[in-house]
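Pasting the structures here.
One chain, subunit A, links the two complexes that follow: it is found with subunit B in the first and with subunit C in the second.
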Partner chain A sequence: MSLLEFARGPAIHWSLVILVAGIIWRLLGVLVLTRGADLSRPRDAFGNFKGYRTVFSRAWPNGEFTTATRYQTIMAYLFHFATLIVVVGITPHIEFIESLTGASWPALPNALGVAIGTIALISLIALIGRRISKPEIYCSNLGDYITWVLIAAPLLTGLMTFAHIGPRYETMLAIHILSVAVLFVWFPFSKLMHAFWFVFSRAQSGLAYAHKGVRI
Partner chain B sequence: MARDSTLGELLRSQGVSRRAFLKFCTTTASVMALPASLVPAMADALEQAKRPSVIWLSFQECTGCTEALTRSHAPTLEGLIFDFISLDYHHTLQAASGRAAEEAREEAMREHAGQYLLLVDGSIPTVKAYSTIAGISNLDMLKDSAANAAAVIAVGTCAAYGGLPMAAPNPTSAVSVSDIVSDKPIINIPGCPPIPLAMTGVIAHYLTLGTLPALDHLGRPQAFFGENIHDRCYRRPFYDRGLFAETFDDEGARKGWCLYKLGCKGPVAYNACAHVKWNQGVSFPIQSGHGCIGCSEPGFWDAGGIYESIARGQFGTGPQIATAALVGAAAGAGAALLARSKKEKKAAAHAASE
Partner chain C sequence: MSTQVTTAGVFPSFEQVFQGFASQIGMLRQMAPKPTLTDEVRVQRAIDTLIAETNADEAVWLESCIHCGQCTTACHYFQAMGDSKYAPMRKMELYRRIYQREIGPFRWWYKLITRPIKLKDLEELQELVYDSCSECGRCTMVCPMGIDTASLVHHQRSALVAAELVPAELAALRQEQKQMGTVFGSSAEALLKMVATIREQCGVEIPVDKPAAEVMVLSSAVDLVGNGNGLLATARVMNHLGVDWTICSDGFESANFGLLSGDMSLWRKQVEPIVAAAQRIGAKTLVIAECGHAYPALRWNPMLKSDALPFDMVYMSEYLGRMAKAGRLKLTPIEGKFTYHDPCKTGRRGGAFDEPRAVLKAMDADFVELPSNKEYNWCCGGGAGIFLLERATKLRDESFKIKLNQVNATGASTVVVSCASCRLNFEAGRVKNHWDKEVASLVELVADHLIDQPAAAGTTPRQGVSA
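Up next is the complex of A and B:
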């Protein structure tokens, strides 16, 4: 079995199995563990609605922090959108998703995919630069750095594969797929779960604050 | 043809002009990445070359490799060089049969011990009974013939890497030449079939320099197998622009767009098809509208479907992932319920203590 056969066969297959099982495990593990009701009288009759509104309002920094957080806001938005577009927008990825789900859609030209992938990688480097230079803001742990490496690896190896830089194409493609497989395994057990948690944590905070009449 | 006649004499007798011969030498030298200064030396060496003795063994194969070499648009210089070698044993092409044929092989092995080239096409079944020639198993014949060979050239993917006979479930327990022969230089010229120029190029290199060309990590001549087809493909600009044929009969197919989505293995196949081409440079599979099947690569037959693109995962999807989701759900719910019952117990204990 060649490295590529291993990568796009058992490696990616079992990493997907772990990804799916892990995500559902963690989601249910927390969500089934409901909080007890707050028995105090809500200060705001529309508290619940305002709580859910937080899911969206927290997508942007509060006015007074706009300047202080401009750099990471812009970089984080660039990174998230660029990564999402690359993941679902280029032909090889759509082919992979189609082989898994049967669904497909029109792809971006490859040159555009490379440009957006480069933006994603650069913004990710910009973000780690800030994290390292301002340790007092982030209080990073080892897991945060592992996560960064595992996110950067597929972007870097994907671009290298496309550009035929480094080892031969099939080896580079195998390394790219393996880097994604490792990311899939890491995903449910790391802060990457914020991809799912952000909705619940924002809503929970919003509800708690609204109940107490805090303006949010 | 007399055994001691030279290649120059043969070519002149066939009406090949000096100009055409030099053109061939220049092309071969350039394709094999030899310096231009070697062209006159190559011409002289080939001109004076005596016929090398060649024993060609055909094992588990389809004769496609021989067909490709002998039926290439005639008369080519490649064909003539192929004619020039003293093919002392080739059971498809030789006139002799039975005991006489085997005697020819034994005589060549005896008279040219240590000097003859051994060409092999087809894979070798390790279960001896599956394929025999004159009562001799393929395995024994290869070991016997390779013992005194100067070098072994594995022609075609079956000889080089096992090919189709070795594909799952490999009913004959077939192996490649390099799995059997380990003490001789082996050159793999894979392909199903291989490009004729790759074969004559290796022979021309051997006749000219007396050495074998530089090989890649899979034992293939780098000159012919050093670059992948995708990089040399004339449809590559369509790949870059994201223009793909979706079926073999859509607008994209008619306009000659990239065949990546139709399973073309160009990006992972290393061969000279895209620039040397076939039938004297007329065309190659992608140019005729069919994706590359990656036939020069080891295990190509088992590396996913011919019409499945490289990016596709090679796994059985649905059931296992659905099972994983169920396992995850059970684990998650179990963990949560456990935590909740712990919480309730603690609350009850706390209430009781108050």
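Up next is the complex of A and C:
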């Protein structure tokens, strides 16, 4: 079995199994816990329901915090959207998804894919630069740096593969796929799970404050 | 003097009250109980308490933090000290470690890779959850995950109660309230004495222990052992409104050192006589004195099924605001430029935003909002019992400068507060910084601007000046 065959075969498939099983295990492990009851009377009879809007409203920081959050919010949005577009928008990814699910859709032009991938990588570098330059603000731990490296690796290796830089194409492609496999394995155990938690976390706080008539 | 005192000479000015309190607080440290349990038992009790209080909400919040750093600069204690240990995200790190080791979905793994909890960890936690978090919730407003750090901090205070690690001042007051039922010695006798003084010296009647009344009013230790003007002002306003009101000598204390220390059983125990008294006299409304944390202690008490109670619980500023909106407060216009400080416990964590502003409007006040206000207000730095902690003096004094600058930016000559704890902290800041602003209590301000035609009980409500 060549490195590429290993990457395309057992590596990516087993990492996907760990990804899915790990996500389900961690979500269930938390969500099966009991919910604490707040017995006090809500400010408005149906006011608590308004708390759910925090799930959406917290997508952008309030003007009160603009100065402190502007740089990071813009970079984070660039990174998230650019990464998402590359993950589902370029031909080789669509072919991989099609091989797993049978679903497929039109791909972006290659040049655009490279441009967006570059934006994702640059914004990620911009974020780590800020994290490193302001240690007192970010209180970073090992997990923060491991997560950054494991997210940056597929972006970097993907761009290198696409542009035929570095080792021979097949080797580079194998390295790219393996970097994704490592990311998939890391995902359920790391802060990357915020992809799911944010909905629950925002909703809970939104409801708790709406109970008191406060819009957060 | 910081406030206008109508009945000059009867009671000390608030500046004198503040100085008196400072010396009383000094004595608390000697009265604090000493730990009695072994280190292992204390650690285990802290862990057990946290596990018992951890539901899905807490677990999700602990799981959600991505170390994005947004909360750090939203915290007044970080702003004051510039030290990353005061970043809100770090105030939940030990809690997360305990959660991950004990009940998290990967606990078998975290037991392998994390250190067991030691008493030293809990001792270090004390500064983070008592001295440097007033549970004001401002960090929640910026957190992209919306994590409610304040409630996580509160659970950790509970854990430190179990571990006998409450800071000396709060521990002494918790012990006093638990064993004697008083705060700073403010017993039923102290209440009756203060009521008699107010009647004799100021000619203002305070109906105590009426068998039945529509409105039950609470007082607080700050009123009884220091600031008689607070109770006097309350009485003048209630008499002006002509409502059927009373104070119950078996349930009058707003302050709750169960909530402040994190002792949930004492919190519950302190609330019981108040609820019982209100039910006995058939009250329709319970008015909570200007004592910020008493609002969450009673109105937002998660252990008290208030839907089933026959009365409403309202904060003093809420009550005044409702009366002002209904045109029942007849007030003279007020001179000068005013701003209003939302106490964390009644504002962001209580929701009483409009009512205090309605009161100022009813006085035709030249009112200007603070640059950060309502949900985004900065804590004064003294909330959640921190005003009492000598060790937290620098944290308080430095963080108060944010408030000082914000008030200065409004150009107001007076900042109105509606919380005894905020007011004491403002007073400390005013004196230390030789600040040229006045600090006024909302209820005292109202009492000083009543258009007083003696209002008998049952008088038809009159229209307010501009409500």
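Keep in mind that, in the parts below, the second predicted complex is superposed on the first by the 213 of 216 C-alpha atoms of A that agree within 3 Å, B and C clash if a C-alpha of one lies under 4 Å from a C-alpha of the other, contacts with A are read in each partner's own complex, and residues count from 1 in each chain.
Going forward, a contact is a pair of C-beta atoms (placed from the backbone, for glycine too) under 8 Å apart; a residue touches a chain by one contact, two chains touch by 3 or more.
What you see is a predicted model, and the numbers here were worked out from it, not measured in a lab.
In this overlay on subunit A, subunit B fits alongside subunit C without clashing.
Contacts of A:R8 after superposition on the shared chain: subunit B is touched, whereas subunit C is not. One of subunit B and subunit C touches more residues of subunit A, and that partner is C.
Looking at the shared chain after the overlay, A:L142 reaches neither subunit B nor subunit C. Once the two complexes are laid over each other on the shared chain, residue contacts for A:A103 go to neither subunit B nor subunit C. Once chain A of one complex is fitted onto chain A of the other, the partner contacts of A:I18 are limited to subunit B, with no touch recorded for subunit C.
Once the two complexes are overlaid on the shared chain, A:L33 sits against subunit B and subunit C alike.
In the superposed model, A:F189 lies in contact with subunit C only, and not with subunit B. Taking every C-alpha atom of subunit B against every C-alpha atom of subunit C, the smallest gap after superposition is 5 Å. Put simply, subunit A uses residues 25-26, 28-34 to touch subunit B in one complex and subunit C in the other. Listed in rising order, the residues of subunit A touching subunit B in the complex are 2, 4-5, 8-10, 12-13, 16-18, 20-34, 91-93, 95-96, 98-100, 107-112, 164, 168-170, 173.
Listing the residues of subunit C that touch subunit A in their complex gives 53-61, 63-70, 72-74, 82-84, 87, 89-90, 103-106, 109, 140-148, 151, 299-307, 348-351, 372, 375-376. By the touch criterion given at the top, residues 228, 230-231, 239-242, 244, 260-261, 267-268, 270, 298-299, 302-304, 308-317, 320-321, 323-325, 327-329, 331-333, 335-337, 339-340, 343 of subunit B touch subunit A in their complex.
On subunit A, the positions that touch subunit C within their shared complex are 25-26, 28-41, 43, 54, 58, 61-62, 64-65, 68-69, 72, 76, 131, 134-141, 143-144, 189, 191, 193-194, 197-198, 200-202, 204-206, 208-209, 211-216.
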